[in-house]
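What follows are several structures.
The following pair of complexes shares a single chain, subunit A, combined with subunit B in the former and subunit C in the latter.
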Partner chain A sequence: MTQFLQATVAGLSLASIYALLALGFVLIYKSTQVLSFAHPALMVFGAYFVSYFAVTIGLDFWLSLALAMALTALLGAVIERLALRPMVGKPLFSMAILTIGLDIAIRVVVNDLIGLNLRGVGDPWGFSTVKLGDVVIETRVIAMFITAVVVTVALLLFFRYSKVGLAMRATAADQEVALAQGISVHRIFALAWIFGGALAALAGMFTSTGPAGLSPTSWIVALKALPAIVVGGLDSVHGAVVGALIIGLAEGYTSTYQATAMPWLGSNFSQVVPYLVMLIVLLAKPYGLFGTEEVERV
Partner chain B sequence: MLEVANLEVVYHDVILVLRGISFTVPEGEIVALLGANGAGKTTVLRAISGLLDVHNGDITKGEIKVDGEPTHKLDPAAIVKRGVVQVMEGRRIFAEFTVEENLRVGAHTAGGNIEATMAGIFDLFPILEERRRQLAGFLSGGEQQMLAMGRALMSKPKYLLLDEPSLGLAPLLVQQIRDVIVEINTRGTGILLVEQNAAMALSIASHGYIMETGKIVMDKPAVELAQDEDVREFYLGLHATGGERKSFRDVKHYKRRKRWLS
Partner chain C sequence: MRGRPNLYTSYEADGAIFPTATQKVTFWLGVAGMVALPFLGLSRVWLILLATTFVAAIGAIGLNLVTGYAGQISLGHAFFLGVGCYTGAALSGDPGGSVIGMGLDMLIWLPAAGLVAALAGVIVAPVALRLKGLYLALVTLGLVFLGEHIFRNWESLTGGGGVGRKPPVLSLLGWRFDQPGAIAGIEVSKEQQIYLLTFILLLILGFAAKNLARSKVGRAFAAIRDRDIAADVMGVNLTWYKVVAFAVSSFYAGVAGSLYFATTGFVEPASFNLLLSILFIAMVVIGGASSIAGSIMGAAFVTLLPQIIDSTSDFLPLIGDGSAGVLSPAQFERILFGLLIVIFLIFEPLGLYGIWIRVRNYWKAWPFSY
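Right after this comes the complex of A and B.
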């Protein structure tokens, strides 16, 4: 039982990070119809700047996080303005490919900055843990989980009650009609990338806490958020969260049990699980669990 | 006053659809814009509300002014803020939103008290208040048309552009929409009414324009248009004599010659 709970905690910690990434991705996809493959880059860009401000310069951690989120949001806005807006009207496929190019370019630069040594982000949680019965939980995992829940609830409320949230949904539903109501669709696009960037930075910071730290391979975490989004269904906020939970937990349980239960699957099998789950879900539900059927796929 | 002067519009850089259209909608009046399918009526409305971009269309000549200020270079958001809003053909409500959310989207540019504006809309369309929390997709066709009009009115426009509001509605509902248009107008909004249902449009408009393949071919006070022999034959389906149907343009040509001769 303890082992099971321990595995669940591990799964939830992964799920929290996937959810933060997936929510930004879904926001962008929902409003602009662009699949942002630039998310790994946004994530490490954000994490690097938290590390730079908090560790290299020695600023307060929370201030560093705020600055890094703002910078990554800005990077998102720049990507939208300079790279994607001139492409409006071009095939969505080209836009998606363009974000892959941007991702690689930005990551090369950021990885160069990160260097070969493991970097910390100067977070206040360190390696401290809390014991709940027999289960040991890292405080950083608690922080991640609470953040993911708060961000999800905030986004749901934002879409439901705020004027801008409603305008984003309207833009997603019918761009021409949104324009006709006086909504500035360009502003909505920029906003989606700003949110997506800020959330990616937050996820990047969390990925870089604890023993993993920030390294030139940190970006791979974002690749596993992709299955979470696809499982949830690309254009649904609920879907992003549910997808993140499914993928995170599946990965958590396999990494705990597979080594003893099915050792013949190899030592890093849990890394493959997200993609496997994605394949299985797609075979049953091609549009994901919560996706809109008309949603175009690239 | 909403003024359109010498407007020329091209789609995809090559398809010339409007060839020098001019007309005006005086403040607080209803003006009808009639014409057969494909004449270019919707294109005129898109040009006014700044929605040509979406369709790869461009204004290549001419001018549009709202109360003296040119607006043809503005984006749709700025045009809505100047008090001109379009209700698109086919209603185009947000089906997955509630009725109230639809109305709130319409208020995007409006400052001030949204609740008060919404109360005014509910006063005009009581059915929308009853259905307030329902998904708009479940409304009937007539109710959806009302919602589309209500949504546009949430921006408190000075000029409302209506694209075939009676399309696909039963006669009784057409009556109802007609009465609502009159009511909106008496509350002080100028209306440009594009219609296939010429009888309905001319019965409430003060002035009417008739378009054919991108040109205005006739323009008269609505009462006179409704009396005009050719309009009666071609747009009201009232045949004075049971002759062959000719193109409206031929008649016009013939009339013009007749005028020259006399």
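Right after this comes the complex of A and C.
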């Protein structure tokens, strides 16, 4: 039982990171129809600057986090303005491939900055733990989970009640009609990337806490958030969170039990579980669990 | 139709591979030049690089058939390359070695590598029947990771992660392409032979793809790409043609995969990762989607880029190893590679092929090119 709870905690901690990333993906996809493969780069970019401000320069951690989020948001806005604005109206696939190109270019620079050694981000949680019965929970995991919940609720409320959120939903539904209602579609595009960038930085910071640290391979985490949004449906906010939970827990349980229960699946099988879950869900539901089914006209 | 090259009086003439006799002559002269090239004192490095280009071009043509012509987005090309590579390696390998090997001839393993990969494509194709666009792209992305995992853990076949095994043996009816020999009394080195072998294969498979693209099948692919529902209404069997697209594309990938590592001496499961898929996507994007000639140009560009940067890095500011520069040549190449994808997508969606067409048209009407 303890092992099961421990696996659940591990799964939830992964789910929190995936949720933060997935929300960024969904935000961008929902308003601009771009599937951002640039998120791995944005994530490590943010994490590096948290590390730079907090560890190298020695600023306060929270200030560093805010600065890094602002910088990553700025990078997101720059990407949108320079690379994606000229692509409006082009095939969705071209835009997705374009973000792959950006990801490669940005990641080379960030990896060069990170260097070969593991970097910490100077977070206040460190390796401290809390004991709940027999289950040991790292403080950073609690922080992650709370942040993910707060951000999710905030985003849901934002989409539901704020004027900008409404404008975003309108743009997602139909860009031309949104324009006709006096919504600045360009500003919405920029905003989506700004939010997406800031969330990526936040997720990057959390990935780099604890024993994992920030290394040139940290970016791979962001790719595993893609199955999460696909499982939930590319354009659904609550779907992204549900998807992140499913993927995170599936990964957590497999990494705990698979080595003993099903060793023939090979070592590190938990790393590919997200993709397997995605494949199975999509075969049953081609638009994910909560995705909008496309209505097609010929 | 002498002197009126743009006047087509039949569908055959319209769809011909070479619309004019001049083009035909130029093409075959070019081929003759390429065949003569290895005997003109080109260095071993460049010969191998060109051979790799030819193999990459075969793979790029395959990806272009499914993504460029049929519009089914595949990020899973690396997986099919891997399937082909390991099929070839298992069939041709040393029977007494630590990994599976059957010691068969290239006459068997090369088609088999293509066919087994094609079978994998047929298995994946039903997914493409249910999914579209980005969802399909993401599933094929997952395929790469699942494939890499399987390759890494199937140690009796692949040698396992970090260890690897030997790539397929280039031995056709007892003739070894990977050992120096003599053709009709002329001494040929290992590199010259591999160059010629891959060039001839590219020529054959390139023509096959071109013919497929201008046949009924190719038109069905284009119809599915442009509007699948409309194609369905017109009587194009979506299921059948999507399966065909994936099968043919994977066949090319399998053949390319089995030869891609032929020159390196060993192949490792981690080679078939997402970056390899992206490399092939880049070839298609940079070369030009739905164009066979474009695929070849793209493959040449992407494969030769690192070598060109390497040999010019002494002249470029800020580029160099260690203290000589801010970025190493490898890093600079990666950045340039990423940015080129972006730049081509924004400014020249037709790729190198589009640029070539524009240049050609400019000179065609010169000096009245307005």
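To be clear about the criterion, the second predicted complex is superposed on the first by the 294 of 298 C-alpha atoms of A that agree within 3 Å, B and C clash if a C-alpha of one lies under 4 Å from a C-alpha of the other, contacts with A are read in each partner's own complex, and residues count from 1 in each chain.
Here is the rule we go by: contacts are C-beta pairs under 8 Å (C-beta built on N, C-alpha and C of every residue); 3 or more make two chains touch, one makes a residue touch a chain.
This is a predicted model, so every value here is computed, not measured.
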TODO: Mind working out whether A:Leu156 is in touch with subunit B, subunit C, both or neither, as first, second, both or neither?
DONE: neither
- [ ] Determine, for the superposed model, which of the two partners subunit B and subunit C contacts more residues of subunit A.
- [x] C
Task: Residues of subunit A that lie at the interface with subunit B and also at the interface with subunit C - done: none
Open item on the list: Applying the document's contact rule, which stretches of subunit A touch subunit C when the two form their complex?
Closed with: 35, 83, 86-87, 90, 92-98, 100-106, 108-109, 112, 223, 226-227, 230, 234, 265-269, 271-272, 274-276, 278-279, 282-283, 286-288, 294, 296, 298
Task: subunit A-touching residues of subunit C, taken from the complex the two chains share - done: 73, 127, 130-135, 137-139, 141-143, 145-146, 149-150, 152-153, 227, 229-230, 233, 274, 278, 281-282, 285, 327, 331, 334-335, 337-342, 345-346, 349
Task: Residues of subunit B that touch subunit A when the two form their complex - done: 49-51, 54, 56, 75-77, 79-81, 85-86, 88, 92, 94-97, 101, 104-106, 108-109, 151-152, 155
Open item on the list: Per the contact definition, I'd like the list of subunit A residues that touch subunit B in the complex.
Closed with: 89, 163, 166-167, 169-170, 173-184
